[in-house]
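In order of appearance the chains are A, B, C, D, E, F, G and H, and numbering begins at 1 in each one.
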Amino acid sequence: MTRPASEIRLDTDRLRRPGDLEDVLASHKTPEQTVASLRGLSRSHADRAVLATRCDDATRKECRRHFPAAAIDDIGGTVVVGSLPDPRGTIAVVTAGTSDLPVAREAVVTAQVYGCGAVLVADVGVAGLHRLVGELDTLTAADAIVAVAGTDGALPGVLAGLVGVPVIAVPTSVGYGTGLGGIAALLTMLNACAPGISVVNIDNGFGAAVCAARIARRVAAAS
Amino acid sequence: MTRPASEIRLDTDRLRRPGDLEDVLASHKTPEQTVASLRGLSRSHADRAVLATRCDDATRKECRRHFPAAAIDDIGGTVVVGSLPDPRGTIAVVTAGTSDLPVAREAVVTAQVYGCGAVLVADVGVAGLHRLVGELDTLTAADAIVAVAGTDGALPGVLAGLVGVPVIAVPTSVGYGTGLGGIAALLTMLNACAPGISVVNIDNGFGAAVCAARIARRVAAAS
Amino acid sequence: MTRPASEIRLDTDRLRRPGDLEDVLASHKTPEQTVASLRGLSRSHADRAVLATRCDDATRKECRRHFPAAAIDDIGGTVVVGSLPDPRGTIAVVTAGTSDLPVAREAVVTAQVYGCGAVLVADVGVAGLHRLVGELDTLTAADAIVAVAGTDGALPGVLAGLVGVPVIAVPTSVGYGTGLGGIAALLTMLNACAPGISVVNIDNGFGAAVCAARIARRVAAAS
Amino acid sequence: MTRPASEIRLDTDRLRRPGDLEDVLASHKTPEQTVASLRGLSRSHADRAVLATRCDDATRKECRRHFPAAAIDDIGGTVVVGSLPDPRGTIAVVTAGTSDLPVAREAVVTAQVYGCGAVLVADVGVAGLHRLVGELDTLTAADAIVAVAGTDGALPGVLAGLVGVPVIAVPTSVGYGTGLGGIAALLTMLNACAPGISVVNIDNGFGAAVCAARIARRVAAAS
Amino acid sequence: MTRPASEIRLDTDRLRRPGDLEDVLASHKTPEQTVASLRGLSRSHADRAVLATRCDDATRKECRRHFPAAAIDDIGGTVVVGSLPDPRGTIAVVTAGTSDLPVAREAVVTAQVYGCGAVLVADVGVAGLHRLVGELDTLTAADAIVAVAGTDGALPGVLAGLVGVPVIAVPTSVGYGTGLGGIAALLTMLNACAPGISVVNIDNGFGAAVCAARIARRVAAAS
Amino acid sequence: MTRPASEIRLDTDRLRRPGDLEDVLASHKTPEQTVASLRGLSRSHADRAVLATRCDDATRKECRRHFPAAAIDDIGGTVVVGSLPDPRGTIAVVTAGTSDLPVAREAVVTAQVYGCGAVLVADVGVAGLHRLVGELDTLTAADAIVAVAGTDGALPGVLAGLVGVPVIAVPTSVGYGTGLGGIAALLTMLNACAPGISVVNIDNGFGAAVCAARIARRVAAAS
Amino acid sequence: MTRPASEIRLDTDRLRRPGDLEDVLASHKTPEQTVASLRGLSRSHADRAVLATRCDDATRKECRRHFPAAAIDDIGGTVVVGSLPDPRGTIAVVTAGTSDLPVAREAVVTAQVYGCGAVLVADVGVAGLHRLVGELDTLTAADAIVAVAGTDGALPGVLAGLVGVPVIAVPTSVGYGTGLGGIAALLTMLNACAPGISVVNIDNGFGAAVCAARIARRVAAAS
Amino acid sequence: MTRPASEIRLDTDRLRRPGDLEDVLASHKTPEQTVASLRGLSRSHADRAVLATRCDDATRKECRRHFPAAAIDDIGGTVVVGSLPDPRGTIAVVTAGTSDLPVAREAVVTAQVYGCGAVLVADVGVAGLHRLVGELDTLTAADAIVAVAGTDGALPGVLAGLVGVPVIAVPTSVGYGTGLGGIAALLTMLNACAPGISVVNIDNGFGAAVCAARIARRVAAAS
């Protein structure tokens, strides 16, 4: 009964031109559906890397079987089919704690698929400020920073007081009780005193990396 | 129709002995009621300072008229009738921004009425960490710290990573939008990564100071 | 009792170096305090424009009296003292409806103070898509887009499906009932299907513009 | 101990006359209870199709065994016993993404049981507007539109700006984090700028279809 | 700096064709802006009635001065300039209590501007069911029902159990405490057991009437 | 356009027979409307006391003018026209603090209008348990207890652990910050460990008293 | 390390005298703990029935083994050890739908243990009013009514408009989406227009029955 | 890709000196990670006890295997490797009910690791006040009290009205329905009428004990 959107008569290029490929969000799909989506995208864009995120064990296993050459990250839950583009520009992905690592790695891989380099600086939460302060040179050099933090979500605000680079903050669902599944961290980030921070959905490493990569890409294009 | 609680037959001392006087929360009272309450408490405890908090302009004016010798703080909204006790022990009251000052001053005066000294360290929010770091010696010397912060409420968590003194955090209603009238700051504080922080109600400088003063008092009693 | 943060012994430059001046958020200050803050900042940085946001009628009047040469925006509530820097790079500020204009103008002025050009494209909400589609060339040319929308907050998501420029979304408190003072628009933006959107606090045109300006600045620096 | 409502003395027809059969919501029932309910309704109304919704695997299996001729939809979770009525009037069921399909198919089947035709237009979310624009002729021809969308829930608002047909919006629980299990999509829909949209409970494809079918039925009755 | 959306190059008719005029939501406008909007719309559509909703005292006064012939409803806050169209089809607007009247009258006037007749049945809340039962014949005859209720919002659910007409429910902000400004009524309506109800934003009599009028219009067009 | 509910054909007595008069909730009414409602009810029930609640200054003034013999409570905001019935049975109304008094007095007057006696025991909050313990004999003697408390709302739970009388708890909006306008007290009461407590809406002294009076009335009828 | 509360020196009878036995809430206990608690209570009160609620399959199985004579309700999850007291007075337990039955049966059994009779009237939700109207004589005869309803929770409000008996309303977690696990039903009940309703925690059939039984007991004691 | 925070050039001692060891929160870690963390901490601090909290069955089993001498608490979920320090000062840990015991035991063990003695007083909830009153002497003697309570969370407020010792309140997630996973208890505690209470995150026995131990330690250091 479903009819494909086949009769499009408008100028598609006018109404749809962000310039990036579609990605596969595997979380509401069967392993078979994800494989099929990756195959379809990969065939129509043979020269580009294709990305699936939020791939669970079963999906990653199925992907390994169908795409033996795929780059698969078991911690970040990503599958990449095809060769990564040459990186242009660099983003930094920073985490407050080790539990934020899956979200951070989703961000790193996404940035690479979107065409920029990514350096991961893990476990520099504000409970031990010396760790963060020791990484300021690396962070200042990035075109954009993705800052990943759960529980109190205080890292991005402290960071934005220390560097002038745009910070895209990712609240994570790490925490318990009044952490409210990441809502507490989200609110902290939206209310940070230091300006220069914008925020994405809870655990959305993918979305933050797309924002950061678009910045890095524009910077690289200008240089 | 109201009958006074006159027929108490139980051992009151057993059921009611925290050892501190009642205070007057003026916010739901008429100026006349607050004056009457202060007078009553002050008469029955002539040797002790009596405190009213959340006194608005009209109440403070009325208090000035009835208690010419009272110590009245126009910013913190407090009225103290009677001589402060000699301070034993010291607490530090820290604020993130200047807008948190009314709450901080309520805390300072409360601590003094409850019998301990209080030093106020204002405007050391985490957006400019150097300000906080510069005050660490003062803060480490206190028996307890009351940390007052609105918007993102990140100050107490950063502070508790730097000092080993008990921190009582006060979220304030300073902020807008997703600040939710202080809820965002409250959640940040409850989810702080560094241990050693406990939290009171939004804008409750009074309550935090009572906690801190009881700590300082116990320390002083032991020495 | 307040002690100024005067004894800073650490290397300030290391702990505080985003490179931008402090701004004055007038909403919790008296007109006199705002004037004093502007004067202080303006004296210590004579060669740079100094910005106050959320200035109400009384504050703007007081600023007019003290800074006759200031650029004052009655709709956006901003006061700028000193000459704007030469613009490097350009951002676009887009609004869904005319009621979003105050927030949008705060963003435009902020961007200018932070050193980039800003073009305002008003009233292109998704209830009449032809309006938005007609502006795509302008929007695609910007280094970053600030998208301002209240009620359903659907504009940024539709926009990010049409252009590849980083979009910083600002939910506004325009609306009623289940709009929840901007929460509904915020949630829409955080859950937008098209990637490339990040979000700031409700009505925070200032913060969004700082993010966008830092992007534009970096692009301009690279070129 | 339960006493059946057997002693009804009032004019039932007066107090209960919407004209439609009762349906079976299987989600809080055992498979056996659902089978029994379907059998009971089906016996007392031999000439009409009887519907059960939200049937899980076990329930559908049990239904297959007892009603070999039943029309069972494994994706939408519906079971229909008896022949569908001849369709009078037509509704369109539109989805933003493929994950919204179960809710959409519940709506399609419900509409058919309630006596009208239903066309399903899937995967036309606003992240790629050209897909929606390409289906406008189909949508304009319907008597009512059921628009199903999760995550940001922006589809119905954009749609209602393009067509003059009544739109009944169904938020779905598809999404994560601040999607809040469908609350974000619900709020978006309730706050849509374009008028002509009304909303039902999260994932309630059944309820939306009943609304739409009653509209289509009335239109058909008038013609 | 605002550039009018003047360069629209796409086929407007394709992207914008619901067939109804724009309306003026006066709540975020100055009286002068509302008058100007009404005048603009009224000039470009001389043969059609033009509607402004949520007009406060000042706005209605200004409208009276500029449009002496306008139909102004002081309770519902509506202003209509121009002649109402001949009504085709009929809707019923039902209220639970007298406090819901302003919302109900906004709905009645809106329906008339949108081209259908409207009958108002007030004060038939479920606390006294006999009142509602006595109006069933009137309600059954309508093409659609707008049911307006605050506090517990129970009216639409009871009503939908009694009639087969589509019910568009409007929660109102009437109530206190846990009424949560209309949220309680909204939730009741979204969770009503009887199917056939859809819901609009709190106090949105206008939106409900547009839905209802589009239904009535379609029925009338078919007959 | 409003049609009175005049054509009621069903047996009213069957569908509406709780046996109590309607009351006037003045909060959404003009003083004139309240006076008119009181007059109407009072004329049709000359032998019974008629009650209006939530009467503000203007309404009480207008009532004083029209009903010189009315019993008007300035603290509780009630107006009673006509003679109170002879009291049968007794309820106790208990408050945690003096700020809860307006709600408590609304409850006392309501109980009297509904035909039972009421004793008010004020200011027995759990912060000083001896006050409550001293009143246990009075409380145990009542047919039902209305327990009124704001802030933490702990009184009813402690009380229900001490007496076997049914307790109807009324949360009040007294408090600030996380008191959430009475929501905190409401939740405390709903979660009380001791059984035997039921709860009404925030500040709803009227509703609690109706519950209590119906209990007392039934007890009295049985004796 | 746990010290039993063994050194109680106060007059226990004064501080603890509601007159009812403790009950066992099994939901946070192991089957063995529940058996042990029941055995302990049953031994110390050999002449009275002892109640455990919220007993899952494992707990009920263990109870069957240890108390072969116990009355165990598999639907309501209750276990009663010992003989029920002779019933004095009667309550009615009413449910909106069959899914509310477990909560209703918990209420029925609790009432019996607390010494009053209970009649269960199931499945009389407001979507089909005739069912409720047909039971009015039974309901009017009860000393108190426990009204159990999920989804929209409209039943108690309609009921309280029809009878003068005290109604204790129990919201249930039956529903989905915006039902919010029973919060929607709870809010409906707290905001019911008809007075005479009080509310307990979601799914708390036990608590409602204790309230109702205490009413019935008092009525019976008076007669 | 992760780079360790190895290049720290600032004076660590200045930026990190609370004086306590890091602890291991096992809840987001694999058993192997927890063992490794404990081993690492234990090796670098051979003379001190090292603590892991929230250890589930698998983690405790793994710890038993690797650290045969560890002190493992199956109820509180703690693992301690190394000898406890000599206790200085004492805290009391109080619980409202037996279901609060796991949180309480986490607090007891934490206090011991942090160097102070801890006495556990269980099951003294306010539903039976005599139990609490009987323990007042023990409680008054402590340097600080950790008060653990779920459901209504009323215990700390009552307690703070009876003793002058600082009370750190821990809401637990024990309860159901409107308990909201501990939010209800949290709000009760934040709004307690008696001053002297501060609050930590839901179920955070660890955090409360650190606060209490720091108080006790300071008192002991002073004596």
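What we mean here is this: a contact is a pair of C-beta atoms (placed from the backbone, for glycine too) under 8 Å apart; a residue touches a chain by one contact, two chains touch by 3 or more.
Remember, it's a predicted structure, so these values are computed and weren't measured experimentally.
In a homomeric contact, the two copies may use the same or different surfaces; for chain B and chain F, under half of the interface residue numbers are shared, pointing to different surfaces.
For chain D, the chain with the farthest CA centroid is B.
Chain centres here are Cα means. That of chain F falls 25 Å from that of chain G. Chain F has its Cα centroid 51 Å from the Cα centroid of chain C.
Our note on geometry: chain A versus chain F, Cα centroid distance of 57 Å, whole angstroms. For the pair chain E and chain G, the distance between C-alpha centroids works out to 44 Å. Along chain H, residues 10, 14-16, 128-129, 133, 160-162, 177-179, 183, 186, 190-191, 194, 201 each make contact with two or more other chains. Considering their complex, residues 14-20, 23, 133, 136, 140, 143-144, 160-166, 168, 186, 190-191, 194-201, 206-208, 210-211, 214-215, 218-220, 222-223 of chain G touch chain F.
Interface residues of chain C, counted against chain D in their complex, comprise 96-97, 125-129, 151-154, 157-158, 160-162, 175, 177-180, 183-185, 187-194. For chain B in complex with chain C, the touching residues are 98-99, 101, 108, 119-124, 128-131, 133-135, 138, 174, 176-179. Interface of chain F with chain E (complex): residues 1-3, 5-10, 12, 15-16, 27-29, 171, 173, 181-183, 186, 201-204.
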